[in-house]
């Protein structure tokens, strides 16, 4: 696929109508897959990486199950077996295929899934046009669109893994990466005090961002810049991966068992370290931010530096300050202006998800979404850590300061990086 | 694919020249895949089932590695990484991808593999045309062709598994199965005596069929008919899968751990048992032979009946007698005259591989093929049982009385059945 | 062992000297094992349950390694191989035996370990008597004693598991359990505000209790009573273990994979549910607190009730209020006055560790102990939840309001229970 | 235990009466355990190694279940739970504890098991004295005694593993090993012909030794000497463990996965290789036979030498020739005259079990023991290889030429060695 094939993304929040946003977001998902070969849609190299065609089907099933089957009487289910296949984990929505076995299904084919998408899309349009939507309908639609945007990022993560772990080392889109990696000046201080954390928007927010509540935060400083490849290399050269004193106990077990010695997508040949990106394979750019880092690695790196990771509160405050204009001139990445790889070191510029030291938990007064959707977020509040700030693969306008991403501490196939903090 | 798309198979042994056999056999492999969707070529539902595109690549690599790269100086390797991917298990041929992970590779694409086949095929033709072949060359070519024929059967086994385990229950070729399942009259007796076992042909035979040697065999009788579905159902209804006294110790563990209660490809819905075949899904035909049986099941069934499985010697003698004309009028199946599913009950008619009670071992005086090919058969002589007689998916002319197939006792995705024996 | 063989425990905090505390605490550890048969000292039924003789050796190694070998020049190591065996997980202290394999070692024998204890004890006394101890020495001694007290509770947990999982159902000490389980009146409210959390004692506190810091807490109520067996039975009878909607995702996987349907140590025979305790096996006492509950179960129960678990902050505040006299007349359990099983429903009376919804993390400004001891607590701050309040197996005086216990969410062999909370 | 504590073993076959044999054999089992500490009776370092106290209980349960409970009406079961614990794998005898979990049970104690033995022994004596035994009784008694003798050897194997894997490297009995390892002269030839294989004794034989039947055997030669440590070292030094071409496929996987590089009980320190025996730890004696070899290793060694392992038929013939006096002056080992470690190189002198290339299978016409005992041997005829000839840990008089031992190809904690063969 040539560079100009994938147009600059619009900020869908600006679309005048839900109907227009629906069309644009649904189209973009298909678009993201367009550089793929059929074979790329099918495989699942590890349990956490789903086949792209599964994402295409699952996001469609989401609208079918949560809206059309419930609220659009004339709708007829496309294929009753698809619920088994495309339900991810909603126990209340019936039996579902095991996540780790998604890659064993050759059928439905990609073509079948496209039919399914078209079928559901046309009925959704029909539904939206059939009369004024209730608040419930609008809410569900927004959930579905935000859900689809989350899967757009997952698609890029999974595509990167599928192509990047292959010994033939294929790339997604041939593209010349550039970047401007001059360091920001040092640390940004957060004043101690009581801050509002979480979202109180009248518009859509995920249940895990609510309710907005007050948190007491001490004085601290957060780095303006992400940790770079060359800084991380120093950690490696200092024996970082062979010195247990820097690691959490489970982290050390993970290092030993998986013989981890580098970030994901780094490969050493002779004396040169290469980095695989969605757009090329190149000798490591020392000044660029280190990517695809697990919590275990981020935490060990911080301990080695005598520093720490920020809490999710601290990072949210920093993002709020930035968004409010404190960092004049900073803007969030333009999609594919720079490709799906970081272009600056800015820790608040939506380059890489930043690990926080906060384990993912419910806010005080948390209430899950009603009904089946109650399984969306709440049931994962265990043994995961929060990441903040978005990344270059996040859909534009999708991620705000209150947004909480979360992953298990050993996972690193998302676009994650390290932003350090310290008490001050 | 319509029925007539796959032409009746010729008996390749009859081809006048190796060159003609090469072309015909190579073409047939591709042909067997022609009903597949691209997606079907890619997946690996369980470790022992390889993606069809892997078979296409591996059989090609076999000619490239064992003939072209060694004996055809002007040949240039198609892609050096393909050896990593398409070498199955020949340690002496360099590093190879782990068998269980073949299904995680989306690349090379099916199209890429077709290019690879064409490239190697045209060089093979060139090689064969470039002058008289030595005996060594002719031998390697025959190994390659017999090897490819083995993979033709594996392809049908794997395709059946890939399509049959999918909840959408797709079929391979729509085809009306028929069959004539009247029982043969009873038992065929083998006289006690010393018999020649194994192959002494001047033509090709696998190393594990050699040397021809003498074996003392006692009086026994072997059933003329395969065990039928309805006979096997009686075993089930008698509690066969819940009574450990019929099972080998490891067999019982296998039943319990995998909750096995039926042959593979049987599905119960309400009160009806269905059988999945490559051509349809139909209520179980009681009079047809029971298929896709593990050694553990065959052995337990025999014990329940108070009988036993034949030894590989006994079965080979019986096949020899049949082949010699003792069973006038019997002929081996015609491919796709009846589809890839048994059409008669004949235990010697090449309908289903028959489990023998013989563990797979070297014959006295066994010598492995020379060089890298030494890894072909010998290293698997451990914890496997021999099956004899061929099946409706075996290429015509490929399997003779001396041919030894072998599988682990829990495996059952091949076209295997039960033929009983008794001392007499 | 007869009841009177184990004397009432003194509150070691009251001992006039460290030397006296050392002698008393070390003796008590041995004492707790005195009812065991030699065989009971050796086994490890699951990875997390260590053989009692390992505890005896490990607590001894702790003094040998952290004090004698470093600060007492005339000391000679008892047996150099013991460090391999009795080092639990201190990577900086050299190679250590894998935790899960502690139960495969028959040697050193129990007698050998007693010699080891006596040897180290006599040298410790000598060391303490050899002159005034530095602050560093006193600190290490206190760590060692608190560490040993933690292992005293672990010993009781492990002994209970070793004896309770045995089909012969042995008991530890024959003892008539009694209890007074009248419910306290309802809920205790916590005023919103900023509270001091953590310890600022001049005396010993664990690193994970420090530093004392301020936390903003909202208005909430915490139950005065632990959840009872009969309340928990209602959850079971309402299908609690078969309804995924109440469970965390990982919790549901745990239920399914392990076929969990009851708290640990409950056994159903015919229609009667029995509970195994260290002192008897008796039909379930409905009014007594439910014990040996995992986080997953506590969390699911709370969700089923429409309530929640308290945070560790809330529970610490409640404990502080109680300790300060707000709950007149309440006292912590007297050891063996009531046996090692809860005697009241008081949620703050040190009956059962109460699960909190707080994942175990470092306090702001946390600093690990210096040196090798840095591995004591910090490296476990991942995928664990905090429990508060102590239990009837905790050594007297060992656990205060700031004490943080922590376990993985599926673990339940400790004396854990459920205390509910709600926003108000 | 001092050397003279364990008296020379008598050949129990010579005992005048079954009653006397019963007493002597039962006593010897207890005797073999007498050097152990209580702790040694309890542990199970790996699944295949049972705790000694389990052997003591299981052999007792065998008499209780198969004789006393069935044929001695006045007998009352000692403890009904013991059947759960001490039944090894007889499904028809009721539920049984999982083999791999035998080491988690601290109770019954060793003392309890001794009571159990005494109780059952006194009732067995009473039973034998209560009147003339039927043939059935005599048969069951002989099975029980031969079974107990098998467990005597297992006890020595398991004790060696328990003590030998412990980093404290304890020995069983301090004893000065000697040996006379001069090589026998070369090869012993077996004439081609038809031989009787198996047992037709009127006295006791195991079901798997029957029926005696005729086998056609070709000309071959079998080494008079076992392979020695120094010969095996040459294999190691030639890269034996790093060259896949010598190994069975499953064998190579075993080597890689377990990082095998030496026989069991060899340990290298600095440049010296030590061998652990039940009696000492000593630098490897080059001229002594190599011990504790898996089938995979024996087979790889033979392939490296360009030779092969004998079949079980060939070895049985050789043993028959030896037993018949062809090897004048050879005698079977005297127990503890030389300790439980080989003293000569004789391949037929009962020094080490010799691996054969024969997979363990039923003889033609095989019938399992009747009733529950049918599970004794037959159900293990799968994925095991036969070993012949006995070893220095086999009870005297227990193992004859027809005796078939069998183990899985990766197992090597029995006293196994290598005897080579070749076609000639």
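Miscellaneous remarks
Letters A, B, C and D mark the chains as written, and numbering starts fresh at 1 in each.
To be clear about the criterion, a residue touches a chain if its C-beta (ideal position, glycine included) is under 8 Å from a C-beta of that chain, and two chains touch if they have at least 3 such contacts.
Quick caveat: nothing in here was measured; it's all calculated off a predicted structure.
Relative to chain C, the chain whose mean Cα position lies farthest away is B. Look at where the CA atoms of chain A average out and do the same for chain B: the two points lie 46 Å apart. Here the CA centre of chain A is 39 Å from the CA centre of chain C.
Among all residues of chain B, none touch two or more other chains. Viewed as a network of touching protein chains, the structure reduces to one closed ring of chains, two contacts apiece. Chain C contributes residues 89, 91-92, 194, 213-216, 218, 244-245, 247-252, 357-359, 361-362, 364-365, 374-375, 379-383, 409, 423 to its touches with chain A in the complex. Across the complex, chain A meets chain B through its residues 37-46, 53, 81, 84-85, 97, 103-110, 162-163, 165-168, 170.
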